[in-house]
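One chain, subunit A, links the two complexes that follow: it is found with subunit B in the first and with subunit C in the second.
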Partner chain A sequence: MFKKILFATSTTEASDHAARVAFNMAQSYDANICIFHVIGVPTRGFSQIVMDVKTKEKVEIDDEYIAWVKEEIMVYYSKQLEKAKSYDIKVAVGFPHREILREARNNSPDLIVMGGSTGDDEDSVYKKSMVGSTLQRVAKAAPCPLLVVNRPAASFWGGISKVVFGTDFSKASDAAFKFAVKLAKDLGCELNLFHALDISSLHMGRLLTQDEIESQIRESLRCIRGRYLDELKGIKDYSFDVWEGLPYIEIVKYAREKHADLIVMAHHTQKSSNEDARLGSNIEQVIVRAGCPVISINK
Partner chain B sequence: MKKILIVDDDPNIVDYLTTLFEDNGFLTFAARNVKEAMELARKEIPDLITLDLEMPEEWGPRFYRKISQEKNLKNIPIIVISGFPGCTHAIGKAVACLQKPFDRDELLKIVKDNLK
Partner chain C sequence: MPEGKFCNKKPVETEEDLKALLGDTGGKKYYEEMKSLDVDTALLWKTIGNTLKSRTKTWLEICAHCGMCADSCFLYLINDRDPKQVPAYKIQSTLGEIVKRKGKVDNDFMHMVMETAWAKCTCCNRCGMYCPHGIDMGVMFGYLRGLCYQQGFVPWELKIGAGMHRVYRAQMDVTGEEFVETFKWMVEEYEEDYPGLEVSVDKEDADILYTVNAREVKHYPEDLAEAAILFHLAGENWTVPSSGWEQTSLAMFAGDWAACKMQVEGVYSAMERLKPKRMVGTECGHAHRATVIEGPYWAGRSNGKPPVESIHYVEWLAEALRKGKLKIDPAKRIKKKVTLQDSCNYIRNHGLKDITREIISYIVEPGYFVELSPNREHNYCCGGGGGFNGIGIFRPQRNKALITKRDQLINSGAELVIAPCHNCWDAIRDLEEEYKIGIKWSFLKPLVISMVEIPEHMKPKE
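What follows is the complex of A and B.
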């Protein structure tokens, strides 16, 4: 299922939690792990002078510098690399999201793993509640599933045995569902299907009665049964639930309640306008808040 | 052949539902109380359950609570059939809730939709 993992790292603390999951997965599934680091953005055009994102210094990029950066990465991850069966270290120059996507297109990994926002120290308070721009852009265009570990709490990991799949009944969710089913079958894990009934914004401020909410929950449960039940044959354990509330909060709560090791969601929501489809705000918030890794499926 | 467990303490309803389902090609089992229903559910693993709410000793919702704790039984669709007015949401995860006297065609449609 996961034979090639692309671990896109800033080689800083922000990626440490993702590193733990990426290396652990590579080891568990005998996968090749490609540690991919983008050194920085050229100061102008095709200039050889690059602002190194890690050291914040302007440097001249040549073979010697690239070799030094690779060496630094090897030292940074030396402990993990001792146990890694197969790995590559690649560095690139450019805008991080473009280079990550380019690498993903060229080498077709089964999974991209990324950490949370690096952010600057002084605005960390704000950064913690939103996903970084690199992550947003990679999630939007990734040609394969993207696994994100945003919080340290999301990385304490011993493999996948319980998966939560969050659906909004969109076409994109159907694609994410296929991935979740394949994962549950291949890895023999429990699959929990979940839909959150949004009672916050849909009703123009009108308060719904509890009977109305519960009728809608029943309808959503019917929808889950009708849409997904046939595909669940062969999965050892599954369940479906619909909770009402703020969708991203409910998904995070549900995953906590189920002791989930992984949340799978579609990247695109039902929203069609470009502005909103940037990164469906629900998955964005789930990524930021979840207590386990989140896989975003783009197509 | 799909199996339906009928849980109801009223023998007339049990007879009626048994005939209705068997005439439509389903295999049925009937239980008069929650204890019997639990034993039958564990033994037969039905594909669908019709459940009355008010029964002697334990009531329907308690039966639901019990089966929802069991891995093999928790996903079985439940149709609540009860004489209570306004019982629609007594069991949140029931696939439907019908009030006695119910329309047989409506019931059969719900059963067939859930046993596709």
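What follows is the complex of A and C.
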């Protein structure tokens, strides 16, 4: 199921945890791993000068420079590459999200793996011309599942045995569900289906009585079973749960409780966020907070 | 050595030559070779005889050296009122001198001419407005660049840029297939958010033929998606051509007259082939100048107009908002201090100053718009016009030139500047990087998309 992995990396510490997961997976599933690095962001009008994303220097890209950057990547990942069976190193010039999406469109990987935020401040080259983060933009438009490893805690991963699937009963969630089922079947792992009853914003400040909450939980449980049970044939271990609270917090708590090593969720925010919105949607919050990798599916 | 391997009088005609020239990183060998490039004085004088017509001749002769143009030139002001930056001096000491000497100038002289033509004038044409005789040094520098190009004295990036147009009919290495594929990709990426979003390629008799800047295709194709979304929401019958889609012309900045003609003829032939009612170009200033204002003359069109009515993006947008094809949600209008950068190429040179302000009246909450001073046709160049933005060897001069715009922006107190021109957008981006004044900048398209009302039947279901 994972034969081609596109590992999009800044080749800095921010991508180290993702690297561990990406190389692990490539090894476990005999996948080809493509290490993809965007060298620099074009600048200076029509000139040939780009801003190197790592050194923040203005450089002129030529074959020699590209060869040097590839060499640097080889050195940076030398340990992992020793064990890698099949890999490519590719570099590109452009805005990172766009070049990652272009590569994904051209080579149809089964999975894109990325690290979390580079945590850069205002001075980041990535933020020079485009608002919003690379991650958000890739998550919104990726043509295949996107696996994100944001926290170090999320990266100690010896294969997938327990998957949490979070749903909000949307159409997009159904697509994510299909992927979660296929994954659970192919890899023979446990699938925990989860819905969080959002009690934070729905009722405009009115406090729900405990009876109301519990009745809605029962209703959601009926709903989650009704919607997904038939599709779970062939999966040995599965469970359904509905908890109430702030959805992203509940999902993160639930995954921790279940010792999950992967969360699968749909990404279906309508618009790429504007400059004022921080990581807004539930999945983005889950990515930031989860103690395991998160797979985001948008179609 | 008369002709170098990289620096010579021959234009770049093939992909192979283009790659070779690009391989000379930063133009190091190119400029080294330029030091020994011969000037073909006979050819220079002959060309002047054929092309220096009465207007330019008159302008060179009637200049009274009154100095009224001095204060009109932002490069004069920013360079401590250096007399050598007075527009009249700049053109008299270069073109005027070449004519006086009947073309008999040497390599050193041509080096000086090149620097003057590309680093001391952005062809913003502001001086022409203040000259009592109406002498436009910008126009003359455009002409002078042509002479420089012919002799091989042209900045490395612009030799490449003109070569790109010759090889790809675009300012970057983007083919027609790549253009169409990228446009389709963008529509796919956004069609879930905007059901029914599509792009028709080579549709005949459409109301609008849309042309773009190759950089949108290469580096920020979101711009193509945004154009598609707004045409879609406005219910337009629009199309893009599979060839003749590039509206810009680095050949114009380079002074490569033959390439200018080739480039614009490609666009005109798309118009003739597809017979649209109108052509709309993207948010670019020099592209409009090249394809709509000057292009018809390069192509030898006797009426001085492109084959079909051709308008700038701001004209289309103003019309769509005026007629209610696009409706703005009043609650989402811009509510922070915002200003507008007037692009020389379609404001001063094509009179669209009121159109852009009409757009402002729809998208900015009353009370939040502030003008730069000066503004409209009196506005200063962004600091990077005429090719200045992209030329590596003139970077220090360009960065100094940005100070004019920087101070205008600071004095306006605006947080955001709307810059419906690629060149201005780049220059403001660069000035923020260079001087960090905390300004934000944007094209119109993303701003309008963030506040346009989506008709019920166009909303995504679920």
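Just so we're on the same page, the second predicted complex is superposed on the first by the 273 of 299 C-alpha atoms of A that agree within 3 Å, B and C clash if a C-alpha of one lies under 4 Å from a C-alpha of the other, contacts with A are read in each partner's own complex, and residues count from 1 in each chain.
Here, contacts are C-beta pairs under 8 Å (C-beta built on N, C-alpha and C of every residue); 3 or more make two chains touch, one makes a residue touch a chain.
Here the structure is a predicted model, which is why all the values come from computation and not from measurement.
Looking at the shared chain after the overlay, A:1 reaches neither subunit B nor subunit C.
Within the superposed three-chain model, A:81 lies out of touch with both subunit B and subunit C [touch as defined at top].
When the two structures are aligned on the shared chain, A:187 is found in touch with neither subunit B nor subunit C. In the superposition on chain A, A:105 contacts subunit C only, with no contact to subunit B. Shared-chain residue A:218: touches subunit B; no touch with subunit C. Which of subunit B and subunit C touches more residues of subunit A: that partner is C.
Of the two partner chains placed by superposition, only subunit B is touched by A:240; subunit C is not.
Contacts of A:63 after superposition on the shared chain: subunit C is touched, whereas subunit B is not. Overlaid on A, the two complexes show subunit B and subunit C touching no common residue of subunit A.
In the complex of the two chains, the subunit B residues touching subunit A come out as 71, 74-75, 77, 88-89, 92-96, 113-114, 116.
Interface residues of subunit C facing subunit A in the complex, by the touch rule stated above, are 22-23, 25-26, 157, 160-161, 171-172, 185, 189, 192-193, 215, 218-222, 250, 384, 389-392, 395, 422-423, 426-427, 429-430, 433, 440, 450, 460, 462.
Subunit A contributes residues 210-211, 214-215, 217-218, 221-222, 225-226, 230, 237-241 to its touches with subunit B in the complex. By the touch rule above, subunit A contacts subunit C in their complex via residues 42-49, 60, 62-65, 94-95, 98, 101, 105, 128-130, 141, 170-171, 270-271, 274-275, 299.
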